[in-house]
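Scroll down for the structure; my scribbles are underneath it.
Going by the order they are written in, the chains are A, B, C and D; count residues from 1 in each one.
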Amino acid sequence: MSTISHEAAFAALQAGAQKVREIGEPSSLAIVDSGGNLVAFMRVDDASLSTVEIAQGKAYSALALRSPTGNWLEAVQPGGALYGLDALGGKRPFVVFGGGLPVRSGKSVIGGVGVSGGPVEADITIAEAMLHELQQS
Amino acid sequence: MSTISHEAAFAALQAGAQKVREIGEPSSLAIVDSGGNLVAFMRVDDASLSTVEIAQGKAYSALALRSPTGNWLEAVQPGGALYGLDALGGKRPFVVFGGGLPVRSGKSVIGGVGVSGGPVEADITIAEAMLHELQQS
Amino acid sequence: MSTISHEAAFAALQAGAQKVREIGEPSSLAIVDSGGNLVAFMRVDDASLSTVEIAQGKAYSALALRSPTGNWLEAVQPGGALYGLDALGGKRPFVVFGGGLPVRSGKSVIGGVGVSGGPVEADITIAEAMLHELQQS
Amino acid sequence: MSTISHEAAFAALQAGAQKVREIGEPSSLAIVDSGGNLVAFMRVDDASLSTVEIAQGKAYSALALRSPTGNWLEAVQPGGALYGLDALGGKRPFVVFGGGLPVRSGKSVIGGVGVSGGPVEADITIAEAMLHELQQS
């Protein structure tokens, strides 16, 4: 896999939705390509409206920063080395708490997944399920 | 159906993707709920980046204006009765050419679908396939 | 060439700058990648400030719409089939007059070049010089 | 030098790109003029997307604040004398960590350079290489 096909994206959304049901945290699921542009999105029943933007922001941030979103939480804090980084996303603010993961193919980052809905730990678990599915494709 | 479940949205995306392949016009597919907020999105392989925003705009416009998007093309023209309407969408411009359809349940409008990728006629055909699927749910 | 390297981008900027001097129209030159994100930019001496955004907009539009920007000028006019398309670019408006060209590699569109500064004909000539150089790489 | 010519900007981008390769941190390089408007930009192969906005932000901030960007990191912290300054950049947020340097000509500030890609120390080293080149012109 060097790019994310829509079939792979479908499968990842379904894997994410299944995990949402298992853990009982209605969530939005987003997948972006290597350019940070939306490939696929699903708001699983009853996820709050706030999650629509945040899930997309996490997917974008994980791609643009090439790392799990939560990795930046400490550095952007008051006194941290990258204070203010979260405001510097350009087309949308960077999300710096967990739930966004980069999608890798070999050494390249070819996309990002983002989940928003429950506590950060739940978001990460669901994002990992989506990523696992993408990496089977 | 009084709201669009994520299972129904999945099925509609799949019906849309199948129609995309049949007619050979790579396209983006979007579904919004009764609040105009994104429920589901899929960029079927190789649809151009321009389609990401336009498909969402069509779904939003069809919901917000409660009619197929192409219905407004004449009225918004210079000299038309609703000149300038297209700029009044609030969070995004209204799209006034075809490819967005409202989703109805009885007398209520409960959402919108939008398709962008090919010529307007192809977009409408794909949107109708998605709508047909949603109305089976 | 399947992506635009920075060496190729350098060479294209230089080819563009040389053409700018030949025809005497100070201009901004922009190159975006397949995701519509900026790769390289040069405002050749004394190009007006308006050209900074417009050159980038043309490069983005040519990539996102996968065609020369001027191809859309007629369809977006009052009475045209895609009236209002120019407002639907998402992160920036689409530019629908000439000076933006898609960069192709086989059947794929891998980027865009945009030029703004002189009359549209000059912009196109300069953009063609950049594209020619990119396609040598 | 009282303004940054495009030849000088070219040379500075090339000096920056060479330093990028030496130290092995793919980075975006930006140069703005005395009005804070973009003169030249280069994303050296494989720099992450996040660097596109941040490099431009650093160049703008160094010019607008007339000092190296990292100088402000302490003062903008909660409890600091300029708390909130980073949000006051107008067209874009000020970046308050290192990697942006003002370009001086005698007593005047005639532009800014900004680098984003590696750790802050690498960004500064690359920005210094660009500045050195500009000051030869």
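Following the convention adopted for this analysis, a residue touches a chain if its C-beta (ideal position, glycine included) is under 8 Å from a C-beta of that chain, and two chains touch if they have at least 3 such contacts.
Keep in mind it's a predicted model, so treat the numbers as computed, not measured.
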| item | value |
| --- | --- |
| Centroid distance [mean C-alpha coordinates] between chain C and chain B, Å | 29 |
| Centre-of-Cα separation between chain D and chain C, whole angstrom | 25 |
| Per-residue multi-chain contacts in chain C, two or more chains | 35-37 |
| Category of the chain touch graph - line, ring, star, complete, other | other |
| Chains that touch, pairwise | A-B, A-C, A-D, B-C, C-D |
| Residue ranges of chain A in contact with chain C within the complex | 33-37, 91 |
| Contact set on chain A toward chain B in their complex | 5-6, 9-10, 13-14, 17, 35, 37-45, 49, 52 |
| Touching residues (chain side chain A, partner chain D) in the complex | 35-36, 61, 63-66, 78-79, 81-85, 87-90, 94, 109 |
| In the complex, chain B residues that touch chain C | 48-50, 52-54, 57, 73, 76-78, 86-87, 93-97, 120 |
